[in-house]
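Same chain, two partners: chain A is paired with chain B first, then with chain C.
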Partner chain A sequence: MNIIECRQLTKAYRGFKALDQFSCTIEENKLVGLVGRNGAGKTTLMKVLSGMLKETSGEVKVFSHRPFNSLLVSANSIFIDDQMNFPTALSLAEILEESSKFYEHWNEELAWHLFDYFGFHKKEYHKNLSKGKESTFNMIVGLAARCPLTIFDEPTTGMDAAVRKDFYRILLKDYLAYPRTILLSTHHLEEVEDQLEEVLLLNRGREVLHMSIEELREFAIGLKGKREVLAPYLADRQPIYTEAFGMDEEYIVTRNNLSQKEKQDMKREGIQFSGVSASDLCIYLTSSGSHKGGTLDDILN
Partner chain B sequence: MILNTDGTMPIYLQIAAWIENEILNGGLAADEKVYSQYKLADMYNINPATAAKGLTKLAEEGILYDRRGIGKFVSSEAIKIIKDKRKNHTLKSMVEDLVQEAERLDMSEEELISLIKETKNRNKGGEE
Partner chain C sequence: MTSLTEVRTSEIIVKQYQYKLKAYMGVLTSLVTVQLLGLLFSLNGVGSRGTGTFGINLDINYYSADMIIIFTFFWGFMSALLMTTKAYREDDFAFITNRFSSNMSSVAFIATVSVIGGLTAIMAGFLLKVVVYFILGNKEIIGTGLASGPLMFTEGLLAMILLVFLFSSLGYLAGIIVQVHRVFVVLLPVLFFGCLQYLSSTENWNLPAFMYEFYFQESFFLLFAAKVVASAALVFTIALWISDQLEVKK
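Now for the complex of A and B:
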């Protein structure tokens, strides 16, 4: 079953299209990573899905309903980012107590266990928390709510490395115990990719790719060797990324669809193969090379 | 086992290889139930779909068999299939690399074979 369906979805802010004819579907109980450069449209997409923003045109369905002004979507989803509007008069303990009244599947035990584990005090106030502690508290609310659609927008902002590691572990364990659809945006795919099932890559308001993490990891291959040795193999291939090495060597990233024979021939000619990590590939696929102004090297030279 | 996340070997293949090793060293016997995708996901901190892909691969190769609604079990042929597969694929490609490197170093066939024999004898000596 599809929990999320977008067709030709556009969201424009004063003419600037943050989402531009965006289409995608996300199935029930998947743990999906949303990646893309700054300004790619990740936050806008998440806010439209949770009903916080109204789409400009196109169609968006969450649980088969249009999310904007939908009580059904609102009751069954939670959106966590670093600008949570918790009532300033409530202490942390009171926020958790009140949250339990809003969310049908709220898990008291999980909330308080994590609250103690991360060393929060009941009488603290949200506005006095450090950036990392604030993110940690928000994460607790997002997980304990156990909403059928849980959306985290860069949940690890400000968290130290140990807390981030804990978060990914808790996220996976709670997902295994209580499967639900989770959408999580991140700039550190390499940290969380093992826990994800799918990756959705956005660029300039459009979907670049949407596939399983396993497919993404095997999507491309890196070739390294002398330029003139590589050249004949690349005649009818579109390189995803090219980097010059030394005087006459090159590193080329291309689709991983070489035949066994091609691979053997290349190996014999001294070309080295390497895997291309999911996070590197996402960077290569969304590099700003085609913006006017040339590459960074051009600017700096 | 600690998963190698540098991208040289897909995680689901590492999971499959780990189960194969468990079967080879007797940790999992024929007709014994193997870990579920959820148990593997928890053990290795990976998505259950990734773990399932490793299990499915082993089932397709006949190393595991499915009992509907109960889980996956080690087939009676498992050890034979794993050994055949590793001899015909893994070992073969290792030998290819070995021969290529020997050629690069201008080693003769005799030299290479005597090196293999030497290594094999030394390992035997170590076991006794």
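Now for the complex of A and C:
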């Protein structure tokens, strides 16, 4: 069963297309990481999915409903970002009480345990919290709401390393205890990749890839060796990333679909193999060098 | 399949209304401030007259709580306008909502505070009498208008509540229009006063006069109430219709 379906989804802000003919489907009870560069359209996608923004064209379905103005989608999803606006007149404790009235599956116990664990005071106000504390509090609301669709937009902004680790642990534990669809956008894939099941990579408003984290880790391979030795092997394949080393050496990332024979030949000729981490691969796949402006090296030199 | 929570709109509106009662009660603080300010301005009196014949001096000072009432209308307008601003609308989206339920719970909240606003404005008239009594010392105070009978008083009270509600609805609509585009912050007052100026200077049809006649010259109370409620409902419907397209968290 698909929780989220987008077809040719476009969201334009005054002519600028934040999402451009975007299509994807996300299945039920998956923990999906949304990655991409700044301005790739991650936040826009999440806001459209949670019904905050209205799609410009195309189709978007959440629980088979159009999210914009849908009470059903609102009741079954929660969107947490670092600009959460809670009523300023309510204290933290009151915000949790109000949330528990609204969300049917609200986990009172988890909410208050985390509230105490992270050292919040009942009479504090949301607007007085520090950046990291604010994110931590928002995260508590997001987790305790136990919505069938939980959306976290860069939930760890401002959190210190210890809290980030705690967050990922709690996230995974609560997800296993109470499976639901969780969408999480992040710029630190390496921190969270052990928790994720799938990765959805966006670039300039389009889906670049959508696969399981295992597939992503095996997707590419790094080759390092002399340029002239590497060249014949790369004649009919597209390098994902190229970096020059010294005078005549080169590091090339390419699809990991070399045959056994090719690998043996390469090894004999002194080419070194290395794995490509999921987060590096995502950077390579969306590197800004691939469009106008040239590579950073061009600019720096 | 995860079981989805089925929600009824009415249920959510009630929940939102309850939370707004708690979260937005700050408007009552401004109500008190505004009415006290109105009271202060009323102390000046609206006019005085003095005659003296045969060694008797008669000084009459007129006092009116009109200022308090006008200030209360203004408060209703501004409070409703504030509720449509981005921060307040986004508050709703922290919990379960859609635009319809968010608006309806706001209307319910506005209706509630209109009752409080209307009630206190009328009561402030009595406060004015008390204050004037103490300022003027031991002099005769003759009440007019609302003091002239329980039925009259009740009607006046209800009329006041309804009018606060009507002004609030106008504030709400103005706020929503401004949310559509910033330019209306300037454009809306200009259009309003421009049209008012134009329509009150035309010869065959005079809008302010018509309004005055339509609402305030209505002698049958129930008809007056119906007119005001219908007007407020119309204004809120327009606001609802416009805000149905508004995005949040842009």
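The criterion applied here is as follows: the second predicted complex is superposed on the first by the 301 of 301 C-alpha atoms of A that agree within 3 Å, B and C clash if a C-alpha of one lies under 4 Å from a C-alpha of the other, contacts with A are read in each partner's own complex, and residues count from 1 in each chain.
By our rule, contacts are C-beta pairs under 8 Å (C-beta built on N, C-alpha and C of every residue); 3 or more make two chains touch, one makes a residue touch a chain.
All values derive from a computational prediction rather than experimental measurement.
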Partner chain in contact with A:E98 - chain B first, chain C second, else both or neither: second
Touched partner set for A:A75, first chain B, second chain C, both or neither: second
First, second, both or neither for A:F245, with chain B first and chain C second: neither
Partner chain in contact with A:P87 - chain B first, chain C second, else both or neither: second
Broader residue contact with chain A after superposition on the shared chain, chain B or chain C: C
Which superposed partner A:F16 touches (first chain B, second chain C, both, neither): neither
Partner chain(s) touched by A:Y117 [first = chain B, second = chain C, both, neither]: neither
Touching partner for A:E197 - first (chain B), second (chain C), both, neither: first
Partner chain B, residues of chain A touching it in the complex: 31, 168-169, 172-173, 176, 194-197, 212-214, 217-218, 267-268, 274-277
Residues on chain B engaged by chain A in the complex (per definition of touch): 3, 5-8, 10-12, 38, 41-42, 44-50, 53, 100
Touch list for chain A against partner chain C, complex: 1, 13, 28-29, 47, 51-54, 63, 69-72, 74-76, 79, 81, 83-90, 94-95, 98-99, 101-105, 141, 148, 179-181
Residue ranges of chain C touching chain A (in the complex, touch as defined): 1-2, 4-7, 9, 12, 15, 18-19, 22-26, 87, 90-91, 93-101, 244-245, 247-250
